[in-house]
Structure formats: structure tokens, C-alpha cells
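Take a look at the structures listed below.
Next come two complexes built around chain A: one with chain B, the other with chain C.
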Partner chain A sequence: MKKVVLVLLGLILAWTLGAGSGLAEEKVVTVLETGGFTGPTSPLVVPVHQGSKDYFEALNAKGGIDGVKIKFISSDDRYTAARAMSFYQRYRKTPKLATLLSYGTPQAYILDPIMTRDKIPQITTGGGKFQAKPGYTFLMVCPYQNMVGSGIDWAIADWKKKGKSGMPTFAYMGWGGASGLEATNGSNKYAEQKGVKWLKPVLTTPGTLKYDTWLTGLAQQGVDYIYVHMVDPDQTFVVRDAYGLGLTKKIQFISSYYGLHDTVGLRLVKPEVVEGTVVASNIILGDERLKNPNAELWAKYQKKPPEDMDDSYLWGVGNAKIVEQALRIALKDVGYEKFNGQAFYAALQKVKGDLTQGIMGAQDLGPTNRQLTRQIRYYQVRNGKNVPISDWIETPDCLSLAEFK
Partner chain B sequence: MRCFRHSVLLMLIGLVAALTAGPALAAGPTLTVTPDKTVLSPALFKEPIEFTSTGWEPDEAVVINLKLPKGVTVKGNPPGEDVGISGGQSDAKGEFKGKVDALTLLMTFFQAAWDNTKMKPDLSKATPLPPGDYTVEAIGFASDKRATATLTLLPPPKKDK
Partner chain C sequence: MYRPCGVFDKTYLKDITIIRTWQHWAWVIGALLLLYLLPVLGFGYYLISLINSLSITIIAVMGLQIVTGYCGQISFGQPAFMAVGGFTSAILMSQYGLSFWLALPLSGVVAGLVGIIGGAPSLRIKGFYLAMATLAMHFLIMWLILHMKITGGAEGIVAPFPKIGDFELDSHERMYYLIITVMIIMTYAARNLVRSKIGRAFVAIRDNDLAAEMMGVNLYYYKLLAFFISCFYAGVAGALFVHLLTVGHPEQFPMFDAIWYIGMIIVGGMGSIPGVFFGVIFLRMLDELVLFGSPILAELFPWLGDAPASSMGLIAFGCILMAFLIFEPRGLAHRWEIIKASYRVYPFAY
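The block that comes next holds the complex of A and B.
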């Protein structure tokens, strides 16, 4: 009899602690993140991750979004697509899963069909395919080919400003693989349309030690502008080697996003080595980043001097702010109980305005626009620092010239 | 009456046969690792470990995980969690072929460290996976089906004195 009573008591206890008890359960939505915290992209991914993590922590400390907290789960995929796939497989059925932030083109490619089927949006870096064929993958930055196209436009304007006739000779140098293929897919034809002589792209591997052979080869072909698309400090090393060969006197180097960063490449070489290098950036650099109001998060959570704040830290904050806005819209539209990836997907397409307080260009997402921003800004390295030389500029459309399978 | 009993008996025999044959008829996916026994060496960059897997849905995303034995850790991977070593999509026939690519070999099998100042692998701090039997598991995203195989990492050959 005693046993029966104990069993009954246990059942009653379990029921009162169960879903029907009326006791308050914490409301949580989940945001996943995968990227190379170690490996070739780590100088970029680690500070981006820190920025997003700190922002979500600050947001949760203030009560979240109308009482809904954000659970941020990250994974080091070491820049390997298989690990990103494995991570997503493990968490894809998490209740209230909003999105996954992925830092890497190979990862994005492999996850896109899977997450599309799951109706969970992915937010990734610059694979143009995802803007050319809008679906469940959104881009944190302008597509790489549009970025290079913008560099072509900059080179033409600079060429004319210098009083030169005709059109310049332009070369692309970057990591091979999906990222490199995207960057040159469409920008090559854009150069051709503009009458710019486009040399055969030089594709390297991450961690290449010296670039002399390639640089000499390009110089012998009469190149005027070299566009370098890698992750810092690789592009800093390209310019370093060019300086050593005396090539920076006659070739203008343009770095893509991800370099030359104030706390990465620019700390590894003497100022004169990289003087005059132009940097196309998706985020604010140099002293501008230190003056941004969100820089206070670095001091509060990372507890390091402000000048040590990597440029990519604010990128992480900016991404988190955009995710926050989409969550607000989704929770308002459908409520917490009905919230899911599909609701977040619909909400992302309504995000408009300057959500990042100037960290990156303005947002204008919609049914045909998957880019969190369509704008970049130009800097030039002067006395070892990134100095702005333009406002936010919309990138040209090279995607319409690209070929996607 | 006898005919009725025989009919019922035959029906029962048929039902039992169908139930026991069911699993055999609906066989799960298969997974083959080639080579299934290997020394962890640079030769694997030129001739990578390959996976062949059948029995998936057409165009199904398949991930191949390495299940880590107790006590074995992999850089960047939370303890106790499987680590992805290959993946992709099956073809129209539900067959998948994949391999351990160079970056995975370097970063997961050899577990190279990374020198951020030089932007290159730091093999002096590499901690390769130890020799032993490793279960390799393929998981289909659409079907949730799984298939396993064993990959044996052999000890390096002893150097002649």
C-alpha cells in the first residue's frame, strides 16, 4: 500500500513539474554559429564571434526581446564543411531554432540545400549564388563578385584621376576554392564590359608563405591594379612581398573585406611596407571603429584596451543587431509559441534601416534582396592606419553577368 | 472446417513470413570505407580515405562522422561529440561518394595547430589521432537513417635500426 501511495505521489509530482503546471518556463530562441575559430579564417572569425556573443549577452542581461532570451550556440568547424554539416545535423531539431550564422563559403554551399529543406535561414558570407537565386541563405556582405566589381570601378576612377589614357590592367589574386570562384564569376565580364584588361586570376592556398613568383608574373604582364581577396594577414603578406620586390611603387594594391586590419596585418609589418594600400571594407575600420558607440561592449566584455579591438568585432555586433531586429519582427508577427525558422525567414525580409548604428551600410532586405547590406566603404592605409577615403558606396551588379549551375 | 483451419494456418504463416522478411526487404543504408585500415601519413593527401554509401533517398544530404573512442579528443570539438569528416548529397539512385579532403585530413586527423602570425599550419604542435579502431557513421538528413563502418588507424611502422 505504501508503495502504491509513493508511486502516486511521484506521478503527481511529475505532473506538477510538467508542462501543464503553470510554472514559468524561460522563453528562449536559438541562434547557431559555425566558423573556423582555429585555422586560416580564425583572425576574422574569433572577433566576429566575440562581437555577436557579447551583444547577445548584453541583450539577454536587459531581459532579451520582450522576455525572450537568445541562446547562442557556436562551433569551431576549422573551416571544414564536414564539421559545419555535422554541427548543424546535431542541432537542427532544436525547438525555436531561428537561424545559423556560417563563416565560410564551403560551409554555406553544403548547408544551403539542407537548411532550405528544413526551412531554417542561413546567414553567411559572400557567395553570390545566394543573391542570384534568392532562397533561404542570406549574405552578411555584398557578394564577392560585386565587391571585385566595385574595385574595378575604383581602379578606373583612380586611373582617370591620375590623368592616364585608355583603361588599366587589372588582376585578381585570392584563395582558390568556392570563395575564389565566386569572386571572379561575373566580375571578369564586368571588367571586360568596362574595357579593363583582366588578367588570368591567381588562385593561392591559405597559409602560402611567399607570393613573389606570382607577383613577378603579374608585373611582367603589365598589371596596374591587383585586387587581393583572402583573410588577413594573408593579403598583408602579399603587399609585404610586393614591397620587397619594389612593386608597390607602380602597382596599386586593393584589399577586399577581411584585411588589411588594424589589429591583424597592420601590426605585423612596418607602416611604409603597406603605405597607400586601398582597403574595401564591409565595416568601419581605423579610428572610426573606436568611436562607434558599440565599441563600449569590447571594453565591458572583453576587458582589453580599445585599440586592441579587432575590426571584425563590430561586424559581429552588427550581425547580432540585425538578427535581433528580425527576431523582434518575427515575435511580434507570430508570437513566441508559433515562432520558428520560417517566421524568422519571413521577418528577415522586412529588415530595413540603419540597424547597426553605422558599423556597416544600411539594411534593405526584401523578397529579392538577400544582402544584409549592399554597400562598402573604402579606406587607405596611411602611417599604419586605415583612413576613410569614401562614404558607403553601393556595389555594382556583377551577378547578372555571372554563371551559376 | 478442416479447410477453414488450413486457410487460417496458411494466412498466419504468410503473416509471420511477411513480418520477419520485412526488415530484410527494407535494408538500411550501407557504408564502406576505403582503405578501412591505414597508417595516418602524408600519403593520404594524394590518396585520400574514401566513402561509398548506398540506400539513401535520392539527392539526400549525408554527413559522415567519426565517433571518437573514450579519451580521444579532437581540437575544436566538444568532448564526447562526433566530428564531421565528409559530407555531400546522394545521387538520383541514393548513392553517396565522399572523401576526407586535405583540410579535414590536416585539421581533424593530423590536428595541426595554426600559427596566426604566419598564417600557416603549425605541425610542430600537431596532435594526430592515436592508432585504434574508429567507428564511422553516415547520417541522412532527410531519412534520419544511419550506417556504420570501422576505420582502423594503424600504428606507424617501426623504423629499422
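The block that comes next holds the complex of A and C.
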């Protein structure tokens, strides 16, 4: 028995030493990722994660960035800030730590102070404060309030196109959390400036299953356009309830990027339920996503039919492409030995061009711009599919009207 | 409770002493020394921050143990009361310039007072209905925090680091000493409380509130007192939490934590102070294990995928909770008592 144990120990030791020597030779930079793989944001976060992971895997398989491989470590924070913090604390001293991708506004707010102290950039979703006060936190999408502002612009244009006089009545629906509330900070004043009647926002709780009461209330107030931000599993539930109440003929729904995805909401309901709903998206949707050259990654790594590829999968690929570009710049600027979070931070501000091959709008980061893209694209659901109705368009600046501490 | 074979209590004072033998003293002093020397002994940042997080959770769960484990009043409001304490302390320091050393106890008092309001339904309802009432309190508090200007709304609030004179506790290593000291003091206070007249009244209410009332226990007073003490603990834990992170945000205190806290006292042992330590450490370590184990698991078994691997924590939590409820409803503390009992009769087998 003793001999067997000794042999086993010897084998473990040899394997450990072997593994250690292998690691020592490899040049690696670390990219962290935290998000709600479970919980209310999971329909969005899981495919985004898969996209980034597959892209980095493909990049590493090709030899990485001039021999430097990317170690992509992700964790489920269940959309809770404390777990995201715990995860970051575990890895914050990792050598050659480039960045942390965090999917969630609460997580971003909690992580921002400590990451700023550590001088490690964070790339997160659309918390406008980080654009209003540029620091170490960057945004994957346009600030929430700018997206709502864009929705207001679209509503006005649509109103005029329909030949109606005066201005429409506009309402906002979303979670009563950090992201949901922030979306109205600035966009409410933008609506006022444009002469649009802005109704009191409807703020719901994650996990809400029926929206009848709120929708009836908004209909009684004579709403013409409802912009639906974060609801889970996606905005389809709101439109479904509106259809049930017979409101979709009177009210035009505009969904934010989080919703009406081909593989999430659109599969849950009959096409007529969501017909005509508009989606303000930061990424390409519908058949366009299938034609994108990066969709090949899905078939290669996920081994599933192309139609099953969630729209957010390509968002993950797009984010990974931008990270790759910033890593290339940083490694060129400072070299591998001197690479750290600060070098990545400096490089991220130099990222420009159409790096995502059409997945997202163009990149134009700089000392005062923290948005990975400032552009969004409009789609409309027709026969159960997202059909493009606009090109990439710049979102209006509602941030300048927002109040931050 | 148990002493080594042949050691007897000869006085009443000795009988109620928490630490009874010199060996017991040696263990306690040794453990405390080790705890205080951990940062000096070169233990990594991660371990220190993990102990900080564990200690804060222990304080919060200790409060829940008092109201639920000892007094029998189920509460799902602990994270919300933590939020009250956290935001109180942050507001008092950042907006009123109060010292942390004053803001900390005040945060406990304010949370305690809010807890009395939250606990008021316990005078009329109990069990499942009380749980629902405390749950409602959670949503009410979180809604207020999210919509009040003074709390910073969706942006949250900056919580400065505590200071001792000019010396700022601006890192996890420095906060460590403060957090573990508060945790030790509050554990000692809880241990004392449960063996006092108040603690006995709590237990009497838990075991049979009608009988307790017949014996002269003022139900209203003691139930509200249990809520006040419980929320005081939550408030202090919340204050330490926001100052450790330097930010107070409403979504730092999710409702799901309330379920974890209840799970911790079930796994650790209802109505046991050491049980709090067992429960918190066991479940938090399990959670940490999953947090870092799931990427490895997903790498080893690619067919599993990242999302299911990440869900292992929730699955494990559910399974462990069920297993404890079925096989060991008295929790890990009971196992510990059995181990101590066998030590008591050593060298005899029984």
C-alpha cells in the first residue's frame, strides 16, 4: 500500500513540476469576466460570455497575440455586487492582469473605486456616470440615458412620418434598480427639451411575470410610445401582455438592446404578438447576425445550428475583439515584461475603427470617450424576425443633462 | 458546556463561566493570537479579504441567530437592515462629518430602531406570515434607499475609510483588525446575552410563546427587543461592509442573501452561537469553492458548459440544506457538541 501511495505521490509531483515548467515558458495576460450566469441577467450574460470565450480560444489556438496568450477567467456573480467583488479580490493581484469585463451596473458601481485604486480598467455595461466622469471604467454600450434619448428621437421621427400633429407621449419601463433608474437620468430632460410628454417611469422588479397593471395605467394616460429597458428574460413579456390587452395596435413599443432576441423572446411567442416592435440594438440582430463572418465561431466551438446562435453571442465576440486590439496596442507600446493594467488602460483609449467587423458600431475611444461604441441600430420585428430599419446611428447626448454627484 | 473528565464546577460563578479551564483559555488565547497575527504571518491578501467578508457575515448572521435561532421569529429582512446600517454610517460620515467611531454604533442603533418597526408584525403574526412581513420590509427599505436623495439613489454613496487619528484604515489588511475586533466583541456580547435573563426569555418564547407569557415573560417587549438586537448586529455588519468597499449601493444587499443567512443558521445549528461560525464558514467556503472551481470544472468537462458549472453553487446550496434538514437538523454545532462530549469522557470510550 505504501509503495502505491509513494508512486502516486511521485506521479503527482512530476505532473506538478511539468505543469509548472510549462506555465513558466508561456507568456500570458489575464482577462477577467464577471456576470450573472444565473439570475435575472443570465439570458444575456451566458451567450455574451460564450462569444468572448470562443473568440479568445480561437485566438490562443492561432498563437495568441505575437505569442502572448489570453487567460480568460470568468465567474458567475448571480448579478450580485458582493460576489463580483469577491471574484475581483481573488484575482486582482494576478500578474499581467489587463482588465475585467463586468456585466451589470450594480457590480460596476461597486468595483469602480477599488479598480481605480488598483489602476485596472473595467469594461462594463452602460452606466452613464462612467462616461460623464471618465476614469478607469469603460462602457461596452452607449450610456443607458443616451439609448433612451435615441428612442425618443426615433419616436418623434416616426410620429411625424405618420403625419400626426404635435408631439407624442412617451413612457419608460424598466427595472427599479441601478441601471433602470439611471436610464431616466438625463433622458427625462431630453424629452422635455424636445417637447415630448414624458410620463412617470414605470419601475418593476426583476422576475416580474405580468405587466398588465402598469400597461393599463400607461394606456389610460394616453401613451403613444413605450421604451422598455431591462426586464427578464427579455422585453417580449411586456409586449406579450400589451398584445393580450389589445394595446399593441395603439402603442408603439421600443425595446432596448436587451430584448426581443431571436433565440430568447421571439421564440416564446407567436409572430403576431410582437409584430412591429422596434428594437434599439447595440449589436446586429436577425439574419444579419448569421451572415457575419464571426458566426463561424459558433459552429466551430458550440457545435450547434446557426439559427440557435443568440444575438448576444456576437456581442461577446465584439467585446473580445476590442480587448484584443487594445492588448495589441499595449504590448506594442510597453512590451510583455512591462505590461500591466495601466498599459492596457492607456491602450484602450487608442482603440479606433471598425474592429468588430460590423457586429457593433465603430470604435472611437479617447481620453474623454469611454464608450466602446456610440452607435446603435434600429430593427423592427416582422414575421417573427428582426429586420434592420436603419444604419448605425449616433445616440444623442443626454448625459450632459443628467445629474451626477 | 463540557469539561474534561474529573473537572467539576464548585461554585455557581464557575458554573456560568464561558471559559472554564486553563486549557480552554489557552485555546482561546492561541486562536485569537493566530487571528490577529495572520496578516503579519504573510497570509495573502485574498485570505485576509475572505476573513473580512466572513467576519462581516458572521456578525449579520449572529443577529439573525438571536431573533430566529433563539427567539423563534423568522426574519428575511437581514440584508435590508444591513443596508440601513451601511447607508446610515456612510451618510453620517460623508455628509455630516461624523467620526466613524460614532457612526458605527449609531448605524447599529438606527438599524435596530428600523428593525423594531420591521418586527412589529411579530406581535400579531408568526411563522410563515411573519417571514412574509419581513420580506415586505426588505422591499420597502430597498425601495426607499433607491429613491431617496440622501442615499445617492441608483448611484449609491461614497463611504470613507475609517480613521484612527491621521491613520487611515484604507486597505483590507488594515480594516481586518477593526472587523475581527468588532466580530469578537459582538460574539462575546451575543454569548453573554443568550445565557442572561433576556436570552432565557427568548428561548422560552421560541419554545412556546403561550407558556412563556403564562410564566410572566412580556412577549411584546422581548420580541421587539430580539428584533432590535438582531438589527443592531445587521446594522453594524452593514456599516463595516460599506466602509470596507468604500461605497454603499442598494444592490449590495440582495434579497437572496436573506435565504443564504437562514441557510447558514440551519447548517450551523439553530440556537447556537458556535453554530453561526460553522454555518457561515461552511456555506461561504462552499460558495468560494464554486466561484473558483466552476471555471476549472467547465474547462475539464467542456460538455458541461460555463453556465451549468456556475450554477453548481446554487445546486450545492439547495442539496446541502435539504441534507441537513433531513439528516442533521441540529446543524454542525450539534456534531461539534458530540465531538466535545467524547473528549469530555476521554480516555474512556463512553
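Just so it is clear, the second predicted complex is superposed on the first by the 377 of 405 C-alpha atoms of A that agree within 3 Å, B and C clash if a C-alpha of one lies under 4 Å from a C-alpha of the other, contacts with A are read in each partner's own complex, and residues count from 1 in each chain.
Just so we're on the same page, a contact is a pair of C-beta atoms (placed from the backbone, for glycine too) under 8 Å apart; a residue touches a chain by one contact, two chains touch by 3 or more.
Since we're looking at a predicted model, the values are computed, not measured.
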| item | value |
| --- | --- |
| Superposition on chain A - do chain B and chain C clash or fit | clash |
| Partner chain(s) touched by A:A84 [first = chain B, second = chain C, both, neither] | first |
| Contact breadth on chain A, by residue count: chain C or chain B | C |
| Partner chain in contact with A:G207 - chain B first, chain C second, else both or neither | first |
| Partner chain(s) touched by A:I114 [first = chain B, second = chain C, both, neither] | both |
| First (chain B), second (chain C), both or neither touched by A:S42 | both |
| Partner chain(s) touched by A:K405 [first = chain B, second = chain C, both, neither] | second |
| Contacts of A:G176 with chain B and chain C, given as first, second, both or neither | second |
| Which of chain B and chain C A:D76 touches, first, second, both or neither | both |
| Partner chain(s) touched by A:A61 [first = chain B, second = chain C, both, neither] | neither |
| Residue range of chain C overlapping chain B upon superposition on chain A, of 111-119, 165-173 or 201-209 | 165-173 |
| Where chain A meets both chain C and chain B, residue numbers | 37-38, 42, 76, 78-83, 85-87, 89-90, 92, 110, 113-114 |
| Touch list for chain B against partner chain A, complex | 61, 63-65, 75-77, 81-89, 101, 103-104, 107-108, 113-114, 116-121, 139, 141-142 |
| Chain B partner contacts - residues on chain A that touch it in the complex | 37-40, 42-43, 76-87, 89-90, 92, 110, 113-114, 117, 206-209, 233-234, 237, 268 |
| Residues of chain C that touch chain A when the two form their complex | 44-46, 49-50, 53, 139, 143, 146, 152-156, 158, 172, 245-247, 249-252, 254, 256-257, 287-288, 291-292, 294-295, 306-307, 310-311, 313-314 |
| Touching residues on chain A, where the partner in the complex is chain C | 37-38, 42, 46, 49-50, 53, 73-76, 78-83, 85-87, 89-90, 92-93, 105-106, 109-110, 112-114, 129, 176-182, 185, 205, 404-405 |
